[in-house]
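Order of writing sets the labels: A, B, C and D. Residues in every chain begin at 1.
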Amino acid sequence: MIRSELGLLDVDAIRADFPILDRTVRDGRPLVYLDSGATSQKPRQVLDAEREFYERHNAAVHRGAHQLAEEATDGYETARATIAAFIGAGADEVVFTKNTTEAVNLVAYAMSNAATAGEELSRFRLGPGDEVVVTEMEHHANLVPWQELCRRTGATLRWFGVTDEGRLDLSGIDDLVNERTKLVALAHQSNVLGTVNPVREVAERAHRVGALVLVDAAQSVPHLPVDVAGLGVDFLVFSGHKMLGPNGIGVLWGRRELLAAMPPFITGGSMIGVVHMDHSTWADPPQRFEAGVPMAPQAVGLAAACDYLSAIGMAEVAAHEHALTEYALKHVAALDGVRVIGPAEAEDRGATVSFTVEGIHPHDVGQVLDDRGVAVRVGHHCAWPLHRRFGIVATTRASFYVYNSFADIDALVEGIQAAQRFFGVAPAR
Amino acid sequence: MIRSELGLLDVDAIRADFPILDRTVRDGRPLVYLDSGATSQKPRQVLDAEREFYERHNAAVHRGAHQLAEEATDGYETARATIAAFIGAGADEVVFTKNTTEAVNLVAYAMSNAATAGEELSRFRLGPGDEVVVTEMEHHANLVPWQELCRRTGATLRWFGVTDEGRLDLSGIDDLVNERTKLVALAHQSNVLGTVNPVREVAERAHRVGALVLVDAAQSVPHLPVDVAGLGVDFLVFSGHKMLGPNGIGVLWGRRELLAAMPPFITGGSMIGVVHMDHSTWADPPQRFEAGVPMAPQAVGLAAACDYLSAIGMAEVAAHEHALTEYALKHVAALDGVRVIGPAEAEDRGATVSFTVEGIHPHDVGQVLDDRGVAVRVGHHCAWPLHRRFGIVATTRASFYVYNSFADIDALVEGIQAAQRFFGVAPAR
Amino acid sequence: MQLETMYQEIILDHYRNPHNKGLRDPYNAESHHINPTCGDEVTLRVTLAPEGDALDGSATVKDVSYDSLGCSISQASASVLTDLLIGKSVDEGMRVLDEFTALMQSKGHGEPDEDVLEDAVAFAGVSKYPARIKCALLAWMAWKDATAKSLATEKEGAS
Amino acid sequence: MQLETMYQEIILDHYRNPHNKGLRDPYNAESHHINPTCGDEVTLRVTLAPEGDALDGSATVKDVSYDSLGCSISQASASVLTDLLIGKSVDEGMRVLDEFTALMQSKGHGEPDEDVLEDAVAFAGVSKYPARIKCALLAWMAWKDATAKSLATEKEGAS
């Protein structure tokens, strides 16, 4: 992949792979897509891989002995190996889910299933007196399932606070993560603040007291080189649709021996050992956690997305986004009346910039931007408690990816200024 | 759609829409695809609709205020309305899941969640002394989740037997479905026997004793006109991939007032009312049951599949398959040494023909067929207890759809004879 | 630039100078509504005056007051609501609500009845932006809810 | 017609006339394996004879007997297994198992060592058909399991 100045990727070459980026919106405005944090666009290569599966190899995987079924199974399992390699994992440690949300729920429900099962599952068991620890910056997907797990089992939910700068407040870690802690669940990268959390440090403390650690990597795997071994955690989850892949596929990675010991979540076909009318036994992982006909074409598409990102190089992706983040922090935060929620520096920070504009509601900021072709997200971004923490209801969020350039950020800045003029809050210059 | 003689569809015209059916397997043999019971092939129209979504309208639905997000949301909700209309339901009664299996688990887990919740959910609550009733012909997807629900709650699982002819044995219904029964779950059409069950009759009995009724329509919605109001049930589930639609999408239909009262299953973003660190409330259905970024492109693809089937006409689809079934029952069952498992007559019976061949294991039958380009499924087809009921380990299953013709069945019959010759069990003629 | 189709002058005026904002006593019932996608909130109070003996659809909407947090559209629509509904009977108010809801669901193709909707016709442009319809309806849903509560409380009291 | 690459004459012979089929006493350990996709089963018994004092890898596989339900490939492979392993030491048997497993995973590209695998080289063609590999390995996994159990039981007894 050719690079231009400033450590940036050759965005023009990349954009040529994304048909949607050529379209216009709102009466002919070129699209400036700054909502990749919600979902990314998909390159031709991913769409082609999925279609090729449907048009040449489609069959139910792991269920047939005919040639199409063999090819489909091979495509599915090869995709698993590619995706596993992308995060430094073994293929048998990668479970396909429909998205990050299901992956988190899988672990949470497996733990409640363990609570009604025998002694052999005590490692996953939770009850009154036990604690689950999350953070105040979690996406609802990594918060509500744990609230519900605690409700079902009688365990207690506790959480790390967030500093004014938008960093995890680790000052109380030794109290918060203690002998009663059974699991710590935290985001690798915040989908609002951009903050990259010191996962390794938290994991070390958690392991010292015997707790399991789950990392929500929905916003990190797409943007940073992630190596599960290096992170030192037990479970890691992410979604395909945020990393150039198809919708409808996500990943749970889990340490081999944990998956082997863990009870299933969704039950049905293809995850069983034997089935009698009155009882059943389970297959080994990853099959144990993949009941029903899986999303094989989407797995193949996600593998193509991994290949696409690997061809660019994840270090290059991260460097590109770092440059964009520095540029955005500089130019957006410099606007009068604009307050960036999240770290002011680009270190340990991803390419997500959330902000408020004094005197204009985020919905109205977003509307003016949309009118100019600039697509951002407005609202609480499924991180309502985090917004409450900062005393605000909502923010406007711009999030960047491989196909974004400095020019896109210029368009954002001009759009914010236009909103200020339109609503009559333009600062005198 | 033009029809040829015998009430059959114009298969040549239909096949032209399915690129994969043109391919050859095993050294140039034309593909004869008789495994639609496992998963169907997809017409160009479905693949095009999905791709058009990705290339023109892709965004996270229900989460943005920009034009792409509006278009994506509109596409997703229009798809929901189309799919709902296809089964005679209201759009707000249709919940998207990843497949049938998840849809069954959704109801089963909602019921265990109700068991740890307050009095207002007593309708869904289950405990020791309560009973859940299934049948001996269920797919594992409609059996194992209920075993697990009973394990979690202390309720008892009971089941209808199957007659030698492969029909549901209703003789004990008044004993089996009684005041202790909380839920009856049964297949609309068996994926092995082809049997279409008298769902309405069972539902009437269940409702008389106050039990809920869930119908596994994975094998009926693709093949028969299905009207949820006419069936008189409470929940109905099916998968997109078996009805010309994409993988990774399924449907739970539920009666409006039940969905409104039911607690959620998977929790996370977009299914909430408000979220605080220590508690959350839920959105109304269907959103309550759709946590996370959904599979919008697949929903659009499934709607295109419904449109495709509606253009043919579901009555015509059923008539076509009825003719194929009669033809197959006549010619396959007539072979020496072949035993069809399931009703011998095509009445109340779908286009699935499972059989054993004396002296040849189903795997070996399947291999010979595969060698000739005929793709069938072998094994227990995720209905292991049913096979045990018939004293067999496995069967060979041929299942038909809109793109199959009499010629495909002739190829099946010749293949079975070839297997008999190859393994030296050919009856003297 | 299509912005003006959504942000009509009337809307911006109500947004900048909202009418009847600030909670007032006494009231029959209060309701609190939240837009779960953006967190916007409204708390709205309704005071009804019975026409005859009983409090029913013939009662007069004597007062509507509210407090709210939200975008220009949700603020302006709450303000317009109070202007429109105060002084009308509950039944008339419900008709206005129906008309306004229909306009919001018209995807930009509605032909609003200006006699019924008055200033609220300015929201016609909002109906082209599906993500904003909930903003425009937030206060209206709260009014419907609070009114229903007022009537129900009265019934309970009477029985 | 590629059928013959899978169904070699040797395989069909073993299938039609299986060796050592039928469970025999005495035995050190038994194991029961099921192929969850098709329901095929094998029950297999192992009898070991210690070389010195302890039962370890140097022990001789004195007998292997089995009962099974399954397709031609799984039946033939159980039969070939007994021919190959009876009389060998456990360590030698494990080497044969490794060689056979490697052949099965070779996707049709294996170059089997005929000195080690003897009749089992006939299964080379099966490795081209992923769905059938489990059939060919079923009895071998059961043998591995039963042998491990035999050695473990002995250890428990000794301690």
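Just so it is clear, contacts are C-beta pairs under 8 Å (C-beta built on N, C-alpha and C of every residue); 3 or more make two chains touch, one makes a residue touch a chain.
Since this is a predicted model, take the numbers as computed values, not measurements.
Participant: If you average the CA atoms of subunit B and of subunit D, how far apart do the two points sit, in angstrom?
Facilitator: So the centre of subunit B lies 39 Å away from the centre of subunit D.
Participant: If you average the CA atoms of subunit A and of subunit B, how many Å lie between those two points?
Facilitator: Their C-alpha centroids are separated by 31 Å.
Participant: Would you kindly tell me how far, in whole Å, the mean C-alpha position of subunit D lies from that of subunit C?
Facilitator: 78
Participant: Send over the residues of subunit D in touch with two or more other chains.
Facilitator: Residue numbers touching two or more other chains: 37, 129, 132.
Participant: So which stretches of subunit B touch two or more other chains?
Facilitator: Subunit B, residues with two or more chain partners: 26, 63-65, 69, 272, 274, 363, 367, 378-379, 384.
Participant: Taking chains as nodes and touches as edges, what kind of graph is this: line, ring, star, complete or other?
Facilitator: The chain contacts form none of line, ring, star or complete graph.
Participant: Let me know each pair of chains that touch one another.
Facilitator: After working through each pair, the chains in contact turn out to be A-B, A-C, A-D, B-C, B-D.
Participant: Taking the touch rule as given, give the residues of subunit B at its contact with subunit A in the complex, in rising order.
Facilitator: 19-20, 23, 25-26, 31, 33, 35, 38-39, 41-42, 47, 51, 54-60, 63-69, 98-102, 104-105, 109, 113, 116, 136, 139-145, 147-148, 151-152, 157, 159, 239, 241, 246-249, 266-270, 272, 274-280, 291-298, 363, 366-367, 369-370, 374-379, 382, 384-385, 388
Participant: Per the contact definition, I'd like the list of subunit B residues that touch subunit D in the complex.
Facilitator: 26-27, 361-364, 367-368, 371, 378-380, 384, 387, 393-394, 422-423
Participant: List the residues on subunit C that touch subunit B in their complex, please.
Facilitator: 34, 36-37, 129-132
Participant: Tell me, which parts of subunit B touch subunit C in their complex?
Facilitator: Checking each residue of subunit B against subunit C gives 62-65, 69-70, 73-74, 272-274, 283.
Participant: So in the complex, the part of subunit C that touches subunit A is made up of which residues?
Facilitator: Residue list for subunit C touching subunit A: 1-3, 6-7, 37-41, 69-73, 129, 132, 135.
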